[in-house]
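The structures come next, written out as structure tokens.
The same subunit A turns up in both complexes below, where it pairs with subunit B and then with subunit C.
And then the complex of A and B:
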């Protein structure tokens, strides 16, 4: 396979397969959660489930002071790499062109040097998150193979993207093909691992907020 | 597979609903719940991390209710729930968790981890992996009617003493009373002053109330051990008594889990909405305050703080009421750091105090409460849960701290204007 054939495959059939698995996987995961259902609560309500649930989806992004003091690193590093991922995935001009190609519309981008710098910060944040995971007693205890796998498939597109953009080591088509392939791996793994929290966080925060709010407690 | 293990696994399967599935799907192993749990912060033992306590339930969810898990089950790749796991988890789930729910408030993906642990206990108990102390308390609750073995004659004797001391009549089995007061065995045996205080306040407020001779026990060991059938049976006794006496409101006393049991889990356990209201005593007293039924004289000058019982505040929504009431008789009220819905548990709720095996750890984790108290140095602590009160007294003694514990209802009664 030549490098052009490789690039064509990851851009064509490879991409289609990955996207189909991603979308089907996400739908299956949502179905297997929501179809389980939940019993109606017969206790007299003190607050609204719906509004508390919706409020918690937003408010749980901001920790209380004591929690922030106790988990400062986790919260700060978490914010940095999540925002960094958002910027590098959705506000990088070539990515927006790709989205426009696939879904038919685009949106404004950030200047490329800015995204480039944020990519570096995000890679560093993810590296420190890994070091923290291996050094913290609690995190080392909780961590399983899936946690490392997920970390790997998250950082790979960032690194391959960075290398492809700066054309380090190999020819441009090969670098781009490797980058796209790493994203496809991420897409395939996403629905079946804890990466799925990117979607289910809306459900879990809603349920947590609803359960609390029903009892009159803002959570 | 043994019959009891199978029962345990079936019980766990029944506990999985869409909320549990969403919670497990969202957990990213960030470890923040550990920092919210006094059993971790005061021991440094990572096995006390709240989400880790739910492992038996997680394995069942994964292998029964996810696509990958079901595939894994076919090929025998899944981690199983077996006797060894449940044996290992018994101390984690029962001795090192009070189901205080502080973890549920900090989880960044919003997981109600305390609820997941409550559900895990259903499987543990069904499989026969619950602590002896809780099994004993539960048996006594079912056969005698009280986890501490308190029978009606003991209550009537205490009522007799109160009537003699105060000259007031304590109403028993009065049909058509507005309120029906429940009591915890702890109050009947250790704090009969609570009955006296309530009688005085209700008398001054001019409301009708009664105690039922058939269902006076508020506590519910079924909730703590995690056996819904028993919890439902205990709730049903109260429902029957309330319907028989045709009361409008049932009052949960100064006890944490009793409120959760009758107010929030009760109707769901018996499978129908109640035709009476359930209120915590603090909610009732705060209503009296709003209606101008409480005439107070004299202020406490000592520096007072309030310990929020987890099941009443964070898990029950009764947070402002105690503060409104304390302000009636105190000008010198001070909040602990981390208070209200973020208060730290005393360390002995959720059945921990009935479990002798946990005696050492519950006193060890009291260090958290000590640290909170050291920051504000109160002259006295007010609370509204007999179980918190007994354990706080134990802890203060163990840590050589001389701070009196007061009941909110009793302190309020002392300040009633003549």
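And then the complex of A and C:
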């Protein structure tokens, strides 16, 4: 297989396979969660489930003071790499072209040097959270193989993308193909690991808020 | 007219009115283009001056003659074309006056006279499905290539068709077209791809062969590194706009007028290795990107199958929108079915649940 054939495969059939697994996996998991149903709550409702649920989706993003003081590093580094991922994935011009091709519309991009700098910050943040995790006895104890896998498939597209953009080491078609392949691995792994929190976070936050809302207490 | 065969290249060039000055200029340009030390310029000049015209056999298979056009159709007689005139082009069925059996005899004679020494140039791909797809004087392309390659010192595959299969090889490849290197394994092959290749690159490779009597250093797909060592993107004068994220969105918007990067219009410059950005075309006048058109990636294998010339590199080549819709529809159905199965399992478990009473305890 030549490097151009490799690139053609990851841009063609490879991407298609990854998208099929990603979409099917996410939808089936969602369907299973939603169709599981809930037991009827026999207690009288003391407030609205919906408004409390919706509010909680937003409010849970703001850490409360004591949690922040206890886990300052985890929260700051976590925010940095999550926002960094958002910027690098959704605000880089070539990526927006890809989304536009698939969903039919695009949006403005950030200047390339800005995305480039944010990619570096994001990679550093992801490296530091791993170091932090390995150095903390409790966190290390709580970490299983899946967590390391999830970390790996998240940082790989960032690193390969950075190298592909700066064209370091190998020929350009190979670098680009490796980057796209790393994204495809992320897409395939996504629905079946903790990465699924990217979608389920909305559901679980809503549910937490809804329980409190039903009981008439603050979530 | 005296027979040019016995003259050296230097003599022939002088006969054609090429001054010493312009000849040395050509040697210097060639040296710098091939990234050679300036100290080698006199050596190149000396080698070229004294070179006896090497016999060259040019075979054209499944091709469009664009490669020959590229080399010969200069507006003025360039030094490159004179160098080309100065080689003994013993067989080229498009350019030679002879035809039919006379032409084939010329080829056979040149092969016999210069066995082991002649340079074989091939443009066009070779059909393997049915030999009848492309024949010359009743000889299939495959047979002619095998026969002509036997006594060749080296083979130069000119153009993307000869180097990688090119247009005939494009999906669905109706003729079963293959490249020269797919067939010939025991001869040094220099791939000079491009659709067509830059004239100065063709003559540069020939000059290297004449000067050093060897083939230049090649990259992993057989291209001379001196010409194909850097990507279009890395040498593109519009590169600063890519780095800043300034793109032309259409062919006639403000970005296009300002000469911004053509990435979004499908430019394959980032993955294409060729010398267009540095040597340019038509005597250094311009080149596709300077003319406002994205690079097609013509010096890379399978460039016809890259998902479309106007599809940018970050776009998938398949119809992913359709894939998403079909997958989503199928997944919703599967999800509902799985949900129903889970529910049925839950209900069955509830139904199968029997209460333990006092009577059971007494059993």
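Quick note on the criterion: the second predicted complex is superposed on the first by the 219 of 219 C-alpha atoms of A that agree within 3 Å, B and C clash if a C-alpha of one lies under 4 Å from a C-alpha of the other, contacts with A are read in each partner's own complex, and residues count from 1 in each chain.
Operating definition for what follows: a contact is a pair of C-beta atoms (placed from the backbone, for glycine too) under 8 Å apart; a residue touches a chain by one contact, two chains touch by 3 or more.
Note that the structure is a prediction, hence the values are computed from the model and not measured.
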Once both complexes are superposed via subunit A, do subunit B and subunit C end up clashing or fitting? fit
With both complexes overlaid on chain A, does A:51 touch subunit B (first), subunit C (second), both or neither? neither
Inter-centroid angle subunit B-subunit A-subunit C after superposition on A [Cα, multiple of 10°]: 170
Give one of first, second, both or neither to describe whether A:24 is in contact with subunit B, with subunit C, with both, or with none. second
Looking at the overlay, does A:63 come into contact with subunit B only (first), subunit C only (second), both, or neither? first
Between subunit B (first) and subunit C (second), which, if any, makes contact with A:212: first, second, both or neither? first
Determine, under the contact definition given at the top, whether A:34 touches first (subunit B), second (subunit C), both, or neither. both
With the two complexes superposed on chain A, say which partner A:74 touches: subunit B (first), subunit C (second), both, or neither. first
State whether subunit B or subunit C is in contact with more residues of subunit A in the superposed arrangement. B
Pick out the closest CA atoms of subunit B and subunit C after fitting on chain A and give their distance in Å. 8
Which subunit A residues lie in the overlap of the subunit B contact set and the subunit C contact set? 28, 32, 34-37
Using the touch definition up top, name the residues of subunit A that touch subunit C in the complex. 2, 4-5, 7-8, 11-13, 15-16, 19-20, 23-28, 30-32, 34-37, 93-95, 97-98, 101-104, 109-113, 115, 167, 171-173, 176
Give the list of subunit B residues in touch with subunit A in this complex. 16-23, 25-32, 34-36, 40-41, 44, 46-47, 49, 51-52, 65-68, 104-112, 115, 263-268, 271-274, 277-278, 313-317, 319, 337-338, 341-342
Applying the document's contact rule, which stretches of subunit C touch subunit A when the two form their complex? 220-221, 231, 233-234, 242-245, 247, 263-264, 270-271, 273, 300-303, 305-307, 311-318, 320-321, 323-324, 327-328, 330-332, 334-336, 338-340, 342-343
Residues of subunit A defined as touching subunit B within the complex: 28-29, 32-39, 41-44, 46-47, 56-57, 60-61, 63-64, 66-67, 70-71, 74-75, 78, 136-144, 147, 192, 194, 196-197, 200-201, 203-209, 211-212, 215-219
